[in-house]
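Please find one structure pasted underneath; my questions will follow.
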Amino acid sequence: MNKPENLIENGIRLDGRKPDELRPIKIEVGVLNRADGSCYFEFGGNKVIAAVYGPREVHPRHMQKSTSAVVRYRYNMASFSVEERKRPGPDRRSIEISKVSREALEPVIFQEYFPRSAIDIFVEVLQADAGTRTAGINAASIALADAGIPMKSLVSSCAVGKINDTLVLDLNKDEDNYGQADMPVAITKDGNITLLQMDGHLSRDEFREALEMALKGCEAIYEMQKAALMEKYPAQLEGDVIE
Amino acid sequence: MNKPENLIENGIRLDGRKPDELRPIKIEVGVLNRADGSCYFEFGGNKVIAAVYGPREVHPRHMQKSTSAVVRYRYNMASFSVEERKRPGPDRRSIEISKVSREALEPVIFQEYFPRSAIDIFVEVLQADAGTRTAGINAASIALADAGIPMKSLVSSCAVGKINDTLVLDLNKDEDNYGQADMPVAITKDGNITLLQMDGHLSRDEFREALEMALKGCEAIYEMQKAALMEKYPAQLEGDVIE
Amino acid sequence: MNKPENLIENGIRLDGRKPDELRPIKIEVGVLNRADGSCYFEFGGNKVIAAVYGPREVHPRHMQKSTSAVVRYRYNMASFSVEERKRPGPDRRSIEISKVSREALEPVIFQEYFPRSAIDIFVEVLQADAGTRTAGINAASIALADAGIPMKSLVSSCAVGKINDTLVLDLNKDEDNYGQADMPVAITKDGNITLLQMDGHLSRDEFREALEMALKGCEAIYEMQKAALMEKYPAQLEGDVIE
Amino acid sequence: MAELHKDYIYNLMVKGEREDGRAFDQCREITIETNVINKAEGSARVKIGETHLVVGVKIQPGTPFPDTPDQGVIITNLELIPLASPVFEAGPPREDAIELARVVDRGIRESGAVDLSKLCITEGEKVWMVFIDVHVLDDGGNIMDAASLGATAALLTSKLPAKRYDLGEDSPVPIRDIPVAVTAVEVGGTIMLDPSLNEESIAGTKLTVTSNQNGDISAMQKSGTHPLTSEQINYIVDIAIEKAKELREKFLVI
Amino acid sequence: MAELHKDYIYNLMVKGEREDGRAFDQCREITIETNVINKAEGSARVKIGETHLVVGVKIQPGTPFPDTPDQGVIITNLELIPLASPVFEAGPPREDAIELARVVDRGIRESGAVDLSKLCITEGEKVWMVFIDVHVLDDGGNIMDAASLGATAALLTSKLPAKRYDLGEDSPVPIRDIPVAVTAVEVGGTIMLDPSLNEESIAGTKLTVTSNQNGDISAMQKSGTHPLTSEQINYIVDIAIEKAKELREKFLVI
Amino acid sequence: MAELHKDYIYNLMVKGEREDGRAFDQCREITIETNVINKAEGSARVKIGETHLVVGVKIQPGTPFPDTPDQGVIITNLELIPLASPVFEAGPPREDAIELARVVDRGIRESGAVDLSKLCITEGEKVWMVFIDVHVLDDGGNIMDAASLGATAALLTSKLPAKRYDLGEDSPVPIRDIPVAVTAVEVGGTIMLDPSLNEESIAGTKLTVTSNQNGDISAMQKSGTHPLTSEQINYIVDIAIEKAKELREKFLVI
């Protein structure tokens, strides 16, 4: 797509959404056999799959922690997930995303229950359309629950951006390419913020508003994550921390 | 060489061979001082050298097997062994060849005699002219015997190919470049097949015939391998497994 | 600079120096907080900084020596230290320089005092102007003393070169680029030679003269190194090995 | 897998049975879904039993190899990512991943499945580069056949994206043949098609046979350390060609 | 750092104090020296407390990215070399070095600090490539802000070396804005600016806010595993923007 | 080597003897065979005592370096492959292999052995790239001198393969000088030429001196941790130049 004149007109975005509207979300829990927990997550044009292995032994040994589990997170894009073929293997972008995504999830995991062990989270992006890191965190959070890893809360994530001087929820690829700012956020169910990145241009007031908007988006996603888990595990979740 | 009109005419190949004729073979046993066993093997225009070290300690430790030796095989082409200079170091082709060559030899080695140790086989291609992997396996098999590694049998290897719709033994470079199929095979002295790869085009019947042809080629090579070892170790080989 | 007609005229070099004159030297001892010892060394247009850590634990373990310390030396050029930006990371040149520099310093370190431990020397070239390896060795030698590593002697280093058929001390970049020979040397205070490299063209007699010239240059540097350390550690050095 | 379980599978086999009730020459259930990745020029999701992978084909202009200036280029990659199995590790592909990729690649290349000369844009300068990337998501055994099926299925639905590069109208990838790889394992003298993960773990050797529409063989690969006899090989070739025909007709009609 | 010392710092903090006597919203002493490397097109040496680094800017002609044929390129590298800390190791940059480099880079890029369109020499063919290399010499904490300050200061003194490449007269790098990154840490609910190494080691989370001349935000990065509340974030944003203004006026006047 | 054996060699040496009966300034038996690899543009097999290596020279057109647009390029590689010694390991070359390659390279480059200006095909665009690859097959000590001899011998028999690249007739590589490297070790004050593996293992330092046809020095390298005195160095230089003359006359006449 070439740069459109307006990304939003009369309060309606090019894909028909309202400013505070998320893209459609589809969640499947437990889609993989080998992994201890897994989740397929569609978020608009994004298709990601998360797998969790663990708690399990740590290799190499010197990475063990004596009083808690090591959490590892690998965000990876399939070569065919983007317009221009991506070379296989980690690049600087994916290494940074892996780091902040891990840090977005670590605070909810009871790591101290599993000293000397590893909890490995793998997120594969099969199709990318802006927002892959937030989709990955949403998927990973469900996969952790599916793997039975004890957690204080789910983590829910989405971005807020600015297009044509308007704050909008959950940018798609075109809005990201031609927009003025992008700010991915992740929160726990209590509204504590575990991921925050921003680039572009926001005034101090816009930032405050954007953050509020992101929190609301995350809350909506949280309900969908919970529903997906309830459907798979109807009994166990009654009165559980996930709720 | 540009593509010739015919690779075989009146049953005679461009290098003067008959369809079921091997290229000249020259074998020297024990050509290296540092290695525990070694063999220089010329196979037509191929010049390869194989060295065996072991049984010896395994590094890194976690590669040890508690009940048998680890066999490792490294096939490597010298930069100057081919027309266009090859970049030093392993590439995907050499990694695959190393794997199938190792698997061609493992069944004849009494690995269980040497728990926690390594048997390292190194094959260097100094000059390449199609068939380097078969030359390497032939050389490695002799080098293993030269190193005194207990073996059930030697392993003998050669390829069959198809040129101008005719099955021929042991393709040279031009036949490989312009031919229709190439099928490297390795066997033990009992005719058990330990290596089989094929690419090109063979009908079901051609394949059966080609396999027979390969077995005969391997048997001829086996005799030469045995003779070379007998020359070096006249006494020991009497009545031995190598026979 | 394009190739000048003469690099030396009437016994005066393009930068105004006499043939046996060193470039200006500036030494600062103990410039870093985290390192156990450090030294900033300016040698004409060269700006290098050396840090020493140790004796400390060796990682990975298998690099330990049971009866002495391991000395490691990493010479590294900042990307911006040269005219054409240098790619970050070690290259073949820096690996060789690291090796010969380490070997220039090892003979003066009492390695046997610290079995199973490491003495790590890091030299960063911030600005390069020919002679970086000699500047690095001079800096490292002081940093070792600053770290309190027991040493038999300081090591002092400079190069001799040939320009317009004249032997000159301590080549600068232009003299190096357009000169006829370059020969870096390092010595202990007793005049024992711990580094010697040469490339270019020297007759047997020129070589003898060049070596004498280098030794004198090193002796002058040794006095400056000692003075810099005396200034920082006035009391301790009285009657010490450094003297 | 525990030794006890290995014995169980082995003993079943001796009785002529498989853990999942299949006949020795029977494949597990297969599903293929194409066009699953809209950023790719072609794609397929393949499930064979518990094995699950996605193949994406990316196509873009590039420079031909000097020795084939008038032919397009096919590059096949396969990654055994750690998401797909507890035994896979991150990092550069290991020998098994490389072998799998190269056997898939040879199956396509040697069968002449793609008419490479029609992938030439300007001789010696610009040709279509076809990247086949196999992304394994769940290793339930026999990745080989799933990858091969997926690669062929994805190619059959792939388009040359000429429009995007101002090179005219999009067109399908020029397909000439439909290779299908079928893998058998040998366990204690018994030959079984389409091994499950458990069966793979007790098998000494696999043999993959890739065959064409006319029943000819275009690629073979023995993998593993147990020797095979000529008879075993000829038997596998026969049933693999039969099975390939079945699979082709069922899943890969153009 | 020993546990005992961590407790000491923590207890001080509870009493409203910092180890070095600063107020919570006070930075350590800062010195910036520019043009310290004459082989670089621009350079700066920055010291913040015990943290010490050198930033060098190298500029040379290169090929633009296909999607921005009329714009120059900025590439930011940061190395945590083992000279600078006993915990840094040689080898390819790790995730913290990569994160630091990318946050410095985004601060400059997203603020529009450099007018990239003026770095175009021949559209689609040749543009200026600006390499910003951050060489950390001593890690005393808060490398982030030192690196950002250094990068901006070095850019402000950088020249396009047109003469060397026969492209006309040298000229300054076209600067449009002056971004400044300010980092705060959160420790047990308390927010502190410009953390020392000891403070960093007990902090659960850092938040870096990069702001422009007009007080707008151009980049943010939360780093670390402790969650933050909206209130904490908004508070940090406010003081970071104030502090950035101070630093800009003190150190980065053009 | 066992400590006992080291002592034995050392004690012999004190008595003025070497393990293999040579004089201190005597080389082991040398054989050089050229044109041993027909795929290479030049090649040589060198044996010095138990040391055995093959040098292959590959020559192909390439782009000159920007700062020497009218000169060909020489690139020297040396690999210490694990076939050649139980202590060599696979992987990227380590510091000793790199040092060996670079000393061989400097010997050839600094002596002006090859007239690089005659390797220019089209100034600034196309020059001959000469790759000298040293493949060590058996490490019996003093790889340095064997590699240097092999490189020179291979160059002397190398051809520019102009025909293959449609660049006219093949012609010999333009040789101007014949550098020869000679290495001595110092053990407890004694200087020995051409060290065997055992001698190397007890030596503290090696010194390699590469000299030209006219007896001038073109490259030197001290390697190892023992210091040398000026006298020792001057002595080594003298005997190395003598020995180089001998070797040149015996093996390297054009």
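Letters A, B, C, D, E and F mark the chains as written, and numbering starts fresh at 1 in each.
The rule is simple: contacts are C-beta pairs under 8 Å (C-beta built on N, C-alpha and C of every residue); 3 or more make two chains touch, one makes a residue touch a chain.
As the structure is a computational prediction, the values presented were derived from the model and not from experiment.
Steps from chain C to chain D, taking the shortest chain of touch contacts, total 3. Think of each touching pair as a link: the shortest run of links from chain C to chain E has 1 of them.
Ranking every chain by how far its Cα centroid lies from the centroid of chain A, the top place goes to F.
The contact pattern of C-E recurs in A-D, the pair among A-D, C-F or B-D where over half of the contact pairs coincide by residue number. As a whole-number value, the distance joining the C-alpha centres of chain A and chain E reads 27 Å. The geometric centre of chain A is 58 Å away from that of chain F, both derived from CA atoms. Per-chain Cα centroids separate chain B from chain F by 32 Å.
Contacts with at least two other chains are made by no residue of chain B. Among the residues of chain E, none is found touching two or more other chains.
One closed ring of touching chains is present, and its order from chain B going to chain D first is B, D, A, E, C, F. Within the complex formed with chain A, the residues of chain E that make contact are 95-96, 98-99, 101-102, 106, 109-110, 207, 212, 215-230, 233-234, 237-238, 241.
Per the touch definition, chain A reaches chain D in the complex via residues 32-35, 45, 47, 49-51, 53, 56, 74, 76, 78-85, 88-90, 120, 122-124, 126-128. Every residue of chain A that touches chain E in the complex is listed here, in rising order: 92-93, 95-96, 98-100, 103, 106-107, 183, 187-188, 191-204, 207-208, 211-212, 215. The touching residues of chain F, counted against chain B in their complex, run 36-40, 43, 50, 52, 54, 56-58, 60, 77, 79, 81-86, 90, 92, 131, 133, 135, 137-140.
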